[in-house]
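Each of the next two complexes has chain A plus one other chain: chain B in the first, chain C in the second.
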Partner chain A sequence: MSILQKYPQPHPQTAGRIIDGEAILILSDVSEINVLNEVGSRIFELSTGTNSTDDIIQTLVTEYNGDHQAITADVTHFLEEMVKNNVIILSDTPAS
Partner chain B sequence: MSEQYTEKKDLNAYQRINRMTKTQHRLFSVHWELTYRCNEKCTHCYLDVMAPGAKVPGELTTQEAKDAIDELAKLGGLTITFSGGEIFLRPDIFEIAHYARKRGFAVRFFTNGMMVKGAVADKIAAVRPVVVEISLYGTTAEVHDEITQVPGSFDLTMRAIHTLLDRKVRVMIKSPLMKENIHQFDDLQALARDLGITFSFDMTIIPKHTGDTTPLKHRVTDQQLLDFLRPRTTPETWNLPEQDEEFRFCGIGMNSLSISPYGEIYTCLGARVSAGNIRSMNLQDIWTESPVWEETTNLTLHNLPVCATCELSQFCIRCHGTAAFEDGDMLGCSSSAYREARIRRQAYMENATKDGIIPLTVAQN
Partner chain C sequence: MNNGSSPLTIPLTIANLPLLLQGTDEAVIARLRQRYQDFLAPEPIDPLFTVDINVIPDAIFVEPKPGPWVIESTYTADSMTYRSYVSQSRLDLKTKRGQLDMAPDASIENFLRVTYAWLCLQHDGLLLHSAGIIRNELGYVFFGPSGAGKTTTTRISAKLGTVVSDDLVIIRRLNGQYHLFGVPFRGDLADEAPRTNSVAPLKAIFRLRQDYHHEVAPLPRSMGIAELLAAAPFVSDKRALTPQLISVCTDIARHVPLQSLHFKRDDGFWKVIDEHFTEISTTTPANSR
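Moving on, here comes the complex of A and B:
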């Protein structure tokens, strides 16, 4: 299954809140704090487990009036990095 | 993490957001006392704790706690510290903690560790807390158990520390320093270092909230305090704060609140100024409409007439709540903070004079 069909959601170690458009994340296992920029924060905000990666891309294309191909590349790269750093997990099915 | 989407200096960004929430009175952190029942009877405790099996019908129910978490999340809170009493006496602690995690909160536990073994430790690990802070009063059973007044408690607390570390849970040892245990400070620090964990200490011993001053007799003596501060209070280690009229001794009322087991919302644990009760008002209204937030956030140096002219203010670690509880006036001098500040200045001056450095602001006083 492609990443586009998967459902990103916060990793069990991740606590996060969006404050004035900025996602502030606390990663408990590694005791790290991360703050995402505007676009990263929006991707995290949409990573609820109910939106697929493709849904997130569509939302960003609309909101930023951007190029679909470029946004797809950016979002998938970003999510892969977030998965690698145990910030996000990808599920095959939407969260209930 | 992808650099494209993160600020390079995340800690700075965190501090910036934390400051912003303070100046805008936006909720960031919550300290929640879930129960006043406890299985220890610590001599210095500021709470009038109840027996572990006491029937306490007024404690928030599981559902009330979950509803409060929903409201706290709506207000934008990010961290919750679950404290007691002894939190693991509440059978629903893990249900509440998991709910908080599900709603995006980072969770911290305060415990004495007495009940933390096997299955309980597994459940703690499953919550993925940021840290579990464990009260340890000494490095020997003789010292620790005398303070907790529970024989065998030292062994149980040490077991908890090891059991959690085995499960890769981040643990912090914290020790209030008193007459009875300050001689073990170096040993406590060494123990934490050997275990590879953080150690924090505090010399603040306050009266019980019932007004009972019994805990105060456990405060370190002047000589103990001076001996302790002398090697630790130098011009290199004590940065004299710049204190203009807007200087604050603490962040009371700015971006945090405390919740009692009965749903009372306080500005902080030290002051216990009630802003309302979540059983009679919703949290949003308490947070935005209660006048106590403005009253407490106005506690700048300008509004503390005694502190504003006190020659010790740069050495003072003042708690407004302790001033109110112990000396009867939240805006007045805190006699215990004054004592500490006087001794801290003495230690500082001894070191500064020795090094030939006397900062102008101190020399003028």
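Moving on, here comes the complex of A and C:
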């Protein structure tokens, strides 16, 4: 299954909150605190487990009036990094 | 040993959060009462927790080995535990009772740090790795990681105000306003920062940045909150506590000016702090913050 069809959601070990449009993430397992930029924060905010990666891309294309191909590349790269850092997990099915 | 039927007590109050320690070993209780005399509450108190001290000769709970000082703590819905080399504790969150096992000559400093880090979070407060100064009856907090300049700013400020701490303070909301509270924990300046049991309304919090000039600079709120989170010892790495920790830090950032302070090694930073707030008070209508 392609990442586009998967459903990103926060990793159970990660706590995050959006403050003034920026996501503050506490990564408990590595004792790190990170702040995402505006677009990263928006992706994190949309990663609820009910939106697929493709849904998130569509939302960003609309909100930023951007190029679909470029945003797809950015979003998938961002999510892969977030998965690698245990910030996001990808599910095959939407969260209930 | 105490032959009486009632235990000997150490009624502590730190940041208005009462904790009753009690035990039967007269020498240990006397030593701890002496050590924390400035933070003893007038008896009787209505403690948040009552902790029985169990003195165990030759107790070792963590085998010493090279590396960082070991302080282990866990928090669940039912209990809070702490363990270090010669002391360990377990607090039952439902019964509000606990037990502290310790060697006769053990310090309870880390037990108190861990316990109060958690207690503060539960009571609209934060134990913060920071320096605290009371100047003109207002509290100022200077924070940042080790090496950021907490001890330096404290040393520089010693003649200009009351040093609350160069290492740890408590920020806590009381009667709708955040206050700076002193704590009995030692930092690097054991003599110059005498661990005073002081309290003052909190005027501002500064993230320290060593520089070649003095300047109060904006700190984006999200970054400020993240910096506060990172400076909360014992709780920032505990997943179960992070929602509450984020809430407390967010609320602090909403109610207290939180900015960067660029500074060099002289007391000129106080001038720019005073000028900064004078400027704000003359240009900003009341309650518009």
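We adopt the following convention: the second predicted complex is superposed on the first by the 96 of 96 C-alpha atoms of A that agree within 3 Å, B and C clash if a C-alpha of one lies under 4 Å from a C-alpha of the other, contacts with A are read in each partner's own complex, and residues count from 1 in each chain.
Note that a residue touches a chain if its C-beta (ideal position, glycine included) is under 8 Å from a C-beta of that chain, and two chains touch if they have at least 3 such contacts.
As the structure is a computational prediction, the values presented were derived from the model and not from experiment.
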{"item": "Chain A as common anchor, with chain B and chain C clashing or fitting", "value": "clash"}
{"item": "First (chain B), second (chain C), both or neither touched by A:Ile33", "value": "both"}
{"item": "Which superposed partner A:Ile19 touches (first chain B, second chain C, both, neither)", "value": "both"}
{"item": "Partner chain in contact with A:His77 - chain B first, chain C second, else both or neither", "value": "first"}
{"item": "First, second, both or neither for A:Val87, with chain B first and chain C second", "value": "first"}
{"item": "Partner with the higher number of touched chain A residues, chain C or chain B", "value": "B"}
{"item": "Footprint overlap on chain A, comparing chain B with chain C", "value": "13, 15, 17, 19-20, 22, 24, 26, 28, 31, 33-35"}
{"item": "Chain A - residues contacting chain C, complex", "value": "13, 15, 17, 19-22, 24, 26, 28, 31, 33-35"}
{"item": "Partner chain A, residues of chain B touching it in the complex", "value": "1-2, 4-7, 10-11, 13-14, 17, 20-21, 26, 76-79, 101, 104-107, 128-131, 168, 170"}
{"item": "For the chain C and chain A complex, residues of the former touching the latter", "value": "220-223, 225-226, 229-230, 236-239, 242-243, 245-246, 250, 253"}
{"item": "Contact footprint of chain B on chain A as seen in their complex", "value": "10, 12-13, 15-17, 19-20, 22, 24, 26, 28-29, 31-37, 39-40, 43, 74, 77-78, 81-82, 85, 87"}
